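What follows are several structures.
You will see two complexes here that share chain A, one where it goes with chain B and one where it goes with chain C.
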Partner chain A sequence: MKTAKIGNYAIAFLIILSLNFLLPRMMPGDPLTAICGEEALVEMTPELRTELMHRFALDEPLWKQFFVYLAGIVHGDFGYSYYYNAPVLEVILEALPWTLLLLGSSLILSTLLSIIMGIESGWRRGRNSDKSLLTATMVMNGFPNFFIGIILLLLFGVYLGFLPLQGAKTPYSGLSGLNLLLDIARHLVLPLTALTLSQIPSSYLLMRNTMITTLKEPFVLTAKAKGLSEASVRYKHAGRNAILPIVTTTGVRVGIIVTGALFIEMIFSYPGVGLLIYNSLFMRDYPILQGAFFIVTVFVIVANFIVDSLYTKIDPRIEIEEVEHAH
Partner chain B sequence: MHINYWKELKKNTFGKIGLAMLILVVIIAGSFPLLARYDPGEPSHSALKPPSSEHWLGTNDVGQDIWSRLVYGARNSLLVALGVGLFTTLLGTVAGASAALVGGLYERIMMRMVDALIAIPAFIVIILVAAYVLPNVWALIFLISILTWQGGARIVRAQTLSLKERMHVYAARAFGAKKLYITTRHIIPELGPILFAVFIHSATRGVFMEAGLAFLGIADISTVSWGLMMHYALKYYYLEVWKWWLLPTGLALSVTIMAFVFIGHAFETAMDPRLRVMERKDWQC
Partner chain C sequence: MKNKNIAIATLVLILLVSSSVGLSIASSGSETAKAGEVIYTIADSTGDWGYPSPHAHYPRGPGYVRMSFIFDTLVWKDTQGFVPALATDWEYLEDENAYLFYLRKDVTWHDGEKFTAEDVAFTFTYVKEHPSWWVDLKSVKQVEVLDEYTVKIYLKEPYAPFLNDDASTLAILPKHIWQDVKNPSEFIEPEALIGTGPFKLVDYSKTHGTYLYEAYDDYYQGKPEIDRLKFVKVSEEMASTALMRGEVNATDIPPETVEEVNGKGFTIINQSGDWNAKLMINHEKEPMSSKEFRHALAYAINRDELVEIAQRGHAIRGSPGLLSPNSPYYNPNIVKYEYNPQRAKDILESQRYQLKEDGYYWKDGKILELELITAPSMGFERVAEIIARQLGEAGIKVNVRSLEWKTLDSRVMNQQFDLAISGHGGIGGDPSILNKVILGEFGYSANYTKNESLNQLLEAHLHEMDEEKRKEIVREIQKIYAEELPALTLYYPKWYWGHDGSVDIYYTMGGIARGIPIPLNTLAFMEYKAKAKAPAPTATEAPIPGFEPAISLLVLITVAYLIKRRRKH
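And now, the complex of A and B:
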């Protein structure tokens, strides 16, 4: 890992940090409302006002405010939501597991499906099965993720009634053990399907392209000439070598999938961070909005960072290419 | 790169269908006074009415004519597509090409900025900023462009660097051509196909992001936006009104995005495949 790369992520983090700090303070009107949310106005007394002004150092110069803000973040203090009547971090941590469940399962599922679809499609390039898969995916690529979610909601809400449309589990059901897991899985099906369907097209197209290029390489011919089985050439030799772009774009895909989850959670009322952000937009609950925004963006930056530092280990050729590229 | 791109585009099935869909949307947007019989913002007393000869797609919850809003909404989406497409391409070109041509410290600072911005999930940042400033359509075009030019800049820089090394550019330099002459006569014209690809890609993203923001409720309520229509229609999905309110609006939006995706795909298939823009970086980000 070169220091230049670490520098990039440090800059990205700094941009996020300053944006999060400056945005509410630059808005016209009362900065206290922009920091504490509109719900806080209901409870606002002159005493509370002075106390809050002091806590965020709003009567001090901007650079001092920034240090107070930084100190808060370092201590895990993201402010207090007057809407939920709870610390922001607590509210977010409660929603986070659901989002991680949805994101994680969708990332794995969409990656696996698009790799298999891409390998098969690239192998059969030009044949009918390839053409119809390509067409279907291209059409799906034109559907914004939230419309895919809406179509599923309508389909299952109006015609097929056997899957739950809302929430992450049945409320007050008293389920436990295996039944609880099954209940959670049933609630996960629709959001997971919607999110996965919206993620597949771009990864599939990338995988198919790389597969087509890889199949032209001499080593594939060698493998065929050695008399290896078709499946072995397709998956072990060509497929494994064509996977790399999918791996290197994982960081970018995490960013896309996080945004997708925001829409999907809103449509299916899935109680994750996305729904939290949507509700905070609606309620003008700025502390939650800011805290969730901060955690989500930092999560994406860290994911990018991890992928970036891992994939040179998977394929050392990348590091060499990048050094060459820089000159 | 002596390819007739227009011809290639027309040869490709996706290209043909994409062009046809885009032309359809442009015609609908252009002839809205003929097609829309009502003021799209005018509420009436007949709310949530099913389709009839008076209201082809019925009325929404405040009695506005849905068909008129659907037709009018095409203008908004196309305006954002054009605005974001042009502005993002301009920013990306200026940043990328100047980095490649000037070089040195300027190039390093520029590319460092690009690399840092690429790690940030742009759409999430746009949502946060838009939630605070509640931009009108022009501010939104500016906001989306200023946060998404980095991908284009990287591609334009790479292409400019490779153009600089081409034989005919060396020849021009050997004949004594000045830097400005080479830039305007050789580099910029040959960037054309790449810039078109970046434009299509940015336009797609613009349409999607505007609709997405409005769908989340972050929009000026006076704008007639497909995303905003879907935002309100979703609240009534359990009633029958989705058939003429939610579904046609979503389909109109999808057809518009699909038109751009198809054109971009066809165009990039004709282009040097190593320079694919769209399939490397998703327009959803």
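And now, the complex of A and C:
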């Protein structure tokens, strides 16, 4: 059972690795002309072209490039970026912490908020507070995340002017310690809010629906009958049972949120992996694309793996079964 | 209950780890400014242009500019033309076909070593061995060191662009550092940034797209009055706001914001004629392979309307000869193709096309229908729509298709297109660019070699050392090019920079080095005008009073509440 599961992950991983290799190369245009782009002033002399072809191993047949790529991954070597003129791993590792900061906090924040909102909304089903929350979320769901981002940026950044316009920190500000932390937090507020707001609706709706179904279960009635406090029934009994589908979808959401971050990072010039992927697409920088997609893949697969194992662990019914068996 | 705690603990852990990793990265590379220093900040929407060594920066104009603050060339340019840099004087020896450069004697490298003719000779040999993006030294035969401060460069044959494309572009490297470097583009040690220029690099961040320079005290033209020069990343849309808030001193700004920025007291400078948008015509394919048909296309397109509507007036109408009226090589006496749809129709009818009731021309039972490909950038889609309408009015049915930029490039290069909208820069510099954009095989090149006399003139002007005679040849080239019309220059967009006036930044004549149209000439940063000249920032950057304490308080209360709740359970 367990080995079969790991086998599945391995197969998925291999397929994704091959796609990561093939897809960028299937785009029209070649990296050598993309590097200098529309810059008509630079000279791509035949000697330079030959040298670059050789340096980037573009003169090798595709199958050979593929094996070099696979062998490289095994050794933790992701190659050398055509455009950034640096090892791929180095470029990605510099951008990764910012993406982790943005995605990690947004994933946690949006999950927590949608759970709480869903529980409260489901509990108050049909009442005005439920209706208005539902309407507000549905409206928000209609906006793409970059639109929310632009609105927030205009409002808080440009007109009110109390939040930074872009970036992850003030360059060469000389700040340190707590001030640096606050500076980073200030830069994080807008992108985080935009990303989180765009993530909430789907999870909120799911949570609200399962909450409503769960509230009809007999054990909720029992809990109420035992005279437990309302908050306890709402969160510990009904809420905890309704949470399971959210946990399952969180794994899937990791993939979606990465895509979302791409736009948000562009709008706020946030120096993360999304912005890196975007730029590298234009430059036809295959090694960076391979590396960045690889990292994203690993994250999604790991997240799904964690969720898979978490799911069975926090399902209370399994615990109950075990208790019954013990009797 | 236990499992729930584990889940919460995991979440908290992830949050903590990710934020602390972010912080540890963030805290590195911060540089504190000293009091009383003059700091000048420039915004850039891309930010990262690579490690600013002559061989490691990205092969684009802004990358070269980042490097030019640290390294010098033999000759440099200002608003008027060539000025001395490492060479105080130079002459062309006609009978020897060589350039003689007399070098400055008071120049030191940033590490204190003396600069001599050996460094110059070394650089020429080194760059011949290690091809560079910017300088192609194929015209150079041999370099001879005459004495410590005189160097003679022999050319293979007379080569007119040498002074502009080579002598004022090739960054001179210190021999004592680079002589052992095998792989120059991967040489990114601190020594790779030892130059003779007015500034030294203090920090560069690839991730954040920022550069910090400090003045080099022993610069041979005196210490720059700007102590610290910063490049920061600001998105295109936010650039004007950042300038008006006083966050940056200079930035390129979108044309729409020019009036507002100017109204706030900032100085606006603009440049046009370096970049041109072109209608690429597939001259290898029927019916565009007919010269007369291409003329019909040109008569049917109203370039004034493109300027007024698609570019909202922020452009100059294109000259069919490619070079702009701002170029010293411009030829006004060429066929102009003034908008004349009737003439277009006459040409089509002379080619046996017949106008049908649907409003389009037909020939041999087939409608005259062309595909116009374009890319979603620089307002090209708007331009394409207008051209499609204009050609439609002249009876040519045009379907617009928008492609990703690189896809467009490769389709034009492989001649898989009818019409395309593309563009390129570099036409403000040396006219040697004409050879590249007429004969070359690039996505933006006309790729046209069918006219023998055009080919010959393009070869001839490169070897004409007499400037006046060369101008004549280049004018003739424009005349034939306009007549052949392998591509039609539509307009030259105007580019704007806004700045606070504390440094008099300017556009270099013919562009920086080979012709980079960016107004950040190193020479401008030698002088700092009184700070009082700079307009006061219009909005304070300070947050609303109490904003941060309020947030912190809120966080504290929430945490306290959560802890209390957990205890109760």
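Worth a mention:
Just so it is clear, the second predicted complex is superposed on the first by the 264 of 327 C-alpha atoms of A that agree within 3 Å, B and C clash if a C-alpha of one lies under 4 Å from a C-alpha of the other, contacts with A are read in each partner's own complex, and residues count from 1 in each chain.
Assume contacts are C-beta pairs under 8 Å (C-beta built on N, C-alpha and C of every residue); 3 or more make two chains touch, one makes a residue touch a chain.
This one's a predicted model, so the numbers in the text were calculated from it and none came from an experiment.
In the superposition on chain A, A:118 makes contact with neither chain B nor chain C. Look at A:282: by the touch rule set out above, it reaches both chain B and chain C. When both complexes are overlaid on chain A, the residue A:291 reaches neither chain B nor chain C.
In the superposition on chain A, A:205 makes contact with chain B only, while chain C stays out of contact range.
In the superposition on chain A, A:239 makes contact with neither chain B nor chain C.
Legend: residue contacts after superposition of the two complexes on their common chain; A:79 is shown touching neither chain B nor chain C. Residue contacts after overlaying the shared chain place A:100 against chain C, while chain B stays out of touching range. Of the two partner chains placed by the overlay, chain B and chain C both lie in contact with A:157. Contacts of A:27 after superposition on the shared chain: both chain B and chain C are touched.
Common to the chain B and chain C contact sets on chain A are residues 27, 34, 153, 157-158, 267, 282. On the chain B side of its complex with chain A, the touching residues are 14, 112-113, 115-125, 127-129, 131-133, 208, 211-212, 215-218, 230, 234, 237-238, 242, 246-247, 250, 253-255, 257-259, 261-262, 265, 273, 276, 279-282, 284-285. The touching residues of chain A, counted against chain C in their complex, run 27-30, 33-45, 47-48, 51, 83-86, 91, 94-95, 97-98, 100-101, 104-105, 108, 153, 157-158, 160-163, 165-169, 171-176, 180-182, 184, 186, 240, 267, 269, 271, 282, 284, 310, 313-314. Of all the residues in chain A, the ones that touch chain B in their complex are 4, 7-9, 11-12, 15-16, 19-20, 23-24, 27, 34, 138-139, 141-147, 150-151, 153-154, 157-158, 198, 202, 205-206, 209, 213, 245, 249, 251-253, 255-256, 258-260, 262-263, 266-267, 277-278, 281-282, 289-290, 293, 296-297, 300-301, 304-305. Those residues of chain C that touch chain A in the shared complex are 3-4, 6-7, 11, 14-15, 18-19, 21-27, 30-33, 47-48, 50-51, 56, 58-61, 131-136, 138, 185-186, 188, 203, 205-210, 212, 230, 232-235, 238, 241-242, 245, 404-407, 409-411, 413, 423-427, 429, 433, 436-437, 442-444, 513-516, 539-544, 547-548.
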